[in-house]
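Two complexes follow with chain A in common, the first pairing it with chain B and the second with chain C.
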Partner chain A sequence: MDDLRKRARVLLETSEVKVVIGYEQGTAGKTRALFVEKPDDADRLIFDNHCIQNLAAYVTKAEVKNKGRMAIAATLPVMRSIIQLASEHQVSDNNLVVLGITPERKLVEFGNLTEVETFVHQYEIEIDTTYREKLDRLDKMAPSERWKFWIDELSPCFKCYACRAACPMCYCSRCTVDFNQPQWIPVPSHELGNLEWHIMRAVHLTGRCIDCDACYNACPLGIPLNLLTKKMIEDVRANFEGYQPSLNRGHLMSTYKPDDKENFIQ
Partner chain B sequence: MADFEPKIVAFVCNWCTYAGADLTGTSRIKYASNVRIIRFPCTGRIDYMLLLKAFDEGADGIMISGCHPNDCHYTSGNFHARRRWIMFRSLCEFIGIDTRRIIFSWVSAAEGARWAELVNSTVASIRELGPYNEYQNIAKKSVMEVNNG
Partner chain C sequence: MSIDKHLIRKDSLEKLFDILKQNSKKIYAPVPKNGKLSFKEAESYSEIPTGYIQTTQSSKEVAFPRTEKLLDYSKSNEGITVKGIKIDDFPEIILWGVRPCDAMGIDQISAIFNWDYKDEIYNSRLSRVTILGFSCSKADEYCFCTSVGGNPGNTEGSDILFTRLGDDGDYLAEVLTGKGSAITSMLPGLFEKAGEIKKEKFLADIPIKFKNEEIRKKLENFFESDQWIEHSLKCLGCGACAYVCPTCACFDIQDESHGKSGSRVRCWDSCGFSLFTLHTSGHNPREVQSQRWRQRIMHKFSYMPDRLSVYGCTGCGRCSRACPADMNILEQLISIQEAAV
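Up next, the complex of A and B:
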């Protein structure tokens, strides 16, 4: 990824951007986010198989945004997140430069977000086969079995909100879960509190989640919470004419069509 | 189970179903008294979290009702609500929440008799399903866990 380092260095030297967001070598064979502000530090940037964290989560954070114009090393899921964030007016060409990394690990340079969007449009969001099987298995269960499955799976959750922190779409400065007048979600990590938290998370990501699995990768307990958002991706596609966030620019849940189809309203 | 009286919470919009329920009353139509009606400005205001709260507090069934499509007092509140219901209902199904206990309907201000029928049929079907123990058990357990430290 010499190209990436060189490009990052040039961007910083010419003051085109104030900070480059990328990955660097961490401890224990892991990688971590790096915020390059000095051209010389650009050499610390790396890119390999371990770089799975969705860096788009940082572009909406005030600590990073306030530094000035940003550049970001963006894999496909990160580019998707950025397009979704752009359609939600959270990023724009004025404050973000995208250094794209293709699935073949080539650096592509984008002049603006419209070009990123054109690039992203080549790839459909595909639920991979292992998850596809898990979803099918759950779909075949009786509702009470599914209920038991979810109560069991969610029971280890101790509400650290790492899933929220890792998600680029969870950028609200005040989250429903932080409200205590009224207390929407019970604070303790008992069955009810966990269930309501995960339902809320899934609903708020409906039509916005681009399936990057950052939440699942961040969860210290390996709770398969991404199954919920994957299911929402599928159901959104089935119910709303193949709608896919980042491929369709829009606001699925805050718009409507007079002829939306349903089969349960009496 | 013979003496089980279902608790039904109805979330209705001010302009159509609430007025419709009013008409049921002024028309002297008798219907099941198991329903507790909560009036909202519009179906667009009915937050999915409120439905979960109703189950937390011991509801056995929920009714949600508002203006027919194209009749919304605010032009589009019910269209927005419909999109959310479609997705919320499919999430509930996936999690295993009993969606037979959540009845969605459009009832206009002129459909007093229909409101009575809907309530009666809902009460009958929930009576058959019995109390919503699955949800109420975790809600009760959670309160106990907190009280006992």
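Up next, the complex of A and C:
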């Protein structure tokens, strides 16, 4: 990824951006986010198979975005996240430069976010076969059996909110679960509290989740919570003509159209 | 109490488990789920894996559950009725398979719960716990107990400490407390008198990376260091580190109401969350993540030794293993020690 390091250096030297968000070698064989502010530090940037953390989670963080215009090393899931964030007015061409990394690991440069959108639309979001099989198994369960499955899977959750923190789409300055007067959903991590938290999160991500698995990868307890969002992606696809993140198509769960085909809304 | 050394044959551990279980003891042991180990009530000995380095979650939940009821209340025209919980009703628990770092951590977290106020609920739960520690024959690059006063065969905090004498060997059982000898005297057939056994050669090698006292000294003039910002920019602000930590004790009080009645519950909380310090006025004294990360380190290595005479870190490495952003506490501590300040 020499191209990436060179481009990052130039962007910083010419002051086109103030910070480049990429990956560096972490501890114990892990990779992690790196925020390059000095041109010489661009050489610390790396890219390999281990670089799967969704860096788009940082572009809405005050500590990062307050530094000034940002550039981000963006794999396909990161690019999709950025398009979704742009459609929600969280980032724009004014504050973000995308340094795309193609699935073939080539650096691709974009003049603006519209070009990023055109690029990502070449690739469908694909639920891989292992998850496809798990979702099929869940679909075939009787409701009571499925209920038991989720109660059991969610029982270890201690609400550290790593899933929320790692998700680029969970950028609310105050999450519904953090309100206690009135309390919208139970704060304690007991059966009901865990169930309501994960259902709420999945529903808030419906039509917004781009299937990066950041939530699952972040969960210290290995809870398969991405099964919920993957199911939502499939449902959305089946019911809303292959919906995917898009700059100008409006928002799936919050767009009202007078000619909506459902009559309950008219 | 002087250390009473016994030998227990490798095949007898299962027998010990079964007999304790038959004596209607609840046994909490490392049980896997989704590839992660947590202390849960184990139904059979076969559920407990061997050869693990560390559990994902610490064992603190036996005395400090993630969520627990403190009282029930109800409102009527006559006023409010409050009913406390019965603190003598907590179950007797055997904590099985605890690593020496966790056992040592019990003293640290207990110091917090007994600082200016003696937390009766915590103390009552803990008084009913018997700790069966297991020494470490293996460690990984996250482990640093030897830098914070522990070691892989540390007896501190355990009621009995088992050390396996070789990969497929029998176990040395060091009986350290009255609770421990209550078990050995109940089952004299399982425990043989041990001769002079040097357990050190069977323990993991964990090099010392820094000294607690040096970190504490450095921190006296480190509050305004830029290091906090450099290290924490990648921090996502979740509570994974605090929730897997054996000594993090912060909690939040919530009321769960159902019409005119409800319960007051204590829930885990973390100084890593921005909400943790948010005032009603809207002001937040720790408004950025670097201040929250600083708080975490300062609390464990400066405020706790100052106020409670114990450090707040056992070197178990769980926070670093669990962190989704590779915030590695050992890396931070070494860089504090090496800083020029």
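Throughout what follows, the second predicted complex is superposed on the first by the 251 of 266 C-alpha atoms of A that agree within 3 Å, B and C clash if a C-alpha of one lies under 4 Å from a C-alpha of the other, contacts with A are read in each partner's own complex, and residues count from 1 in each chain.
The working rule: a residue touches a chain if its C-beta (ideal position, glycine included) is under 8 Å from a C-beta of that chain, and two chains touch if they have at least 3 such contacts.
Because the structure is predicted, anything quoted here is derived from the model rather than measured.
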When the two structures are overlaid on chain A, which partner does A:Asn239 contact: first (chain B), second (chain C), both, or neither?
-> first
First (chain B), second (chain C), both or neither touched by A:Val64 = second
Considering only the touch criterion stated at the top, classify A:Ala166 as touching first (chain B), second (chain C), both, or neither.
-> second
Figure out whether A:Phe149 sits in contact with chain B (first) or chain C (second), or with both, or with neither.
-> first
Is A:Gly222 touching the first partner chain B, the second partner chain C, both, or neither of them?
-> second
After superposition on the shared chain, which partner residues are touched by A:Pro258: those of chain B (first), chain C (second), both, or neither?
-> first
Could you tell me if A:Pro186 is touching chain B, chain C, both of them or neither one (first, second, both, neither)?
-> both
Classify the contacts of A:Asn248 with the two partner chains as first (chain B alone), second (chain C alone), both, or neither.
-> neither
Do any residues of chain A touch both chain B and chain C, and if so, which are they?
-> 186, 188, 190, 193
Which of the residues in chain A end up touching chain B in this complex?
-> 138-139, 143-151, 176, 184, 186, 188, 190-193, 195-196, 199-200, 202-203, 206-207, 228, 231-232, 235-236, 239-240, 252-258, 260, 262, 264-266
Where on chain B is chain A touching in the complex?
-> 48-49, 52, 56, 69-70, 76, 79-80, 82-91, 93-99, 103-106, 118, 134, 138-139, 141-142, 145-146
Can you check the complex and tell me which residues of chain C touch chain A?
-> 33-36, 38, 56-57, 66-67, 140-142, 229, 233-234, 236-240, 242-244, 252, 254, 256, 265, 267-268, 270, 273, 275, 288-290, 320, 322, 324-326, 328, 330-331
Chain C partner, complex, touching residues on chain A are 26-28, 30-35, 53, 57-58, 61-64, 153, 156, 158-162, 164-166, 174, 178, 180, 183, 186-190, 193, 217-218, 220-224
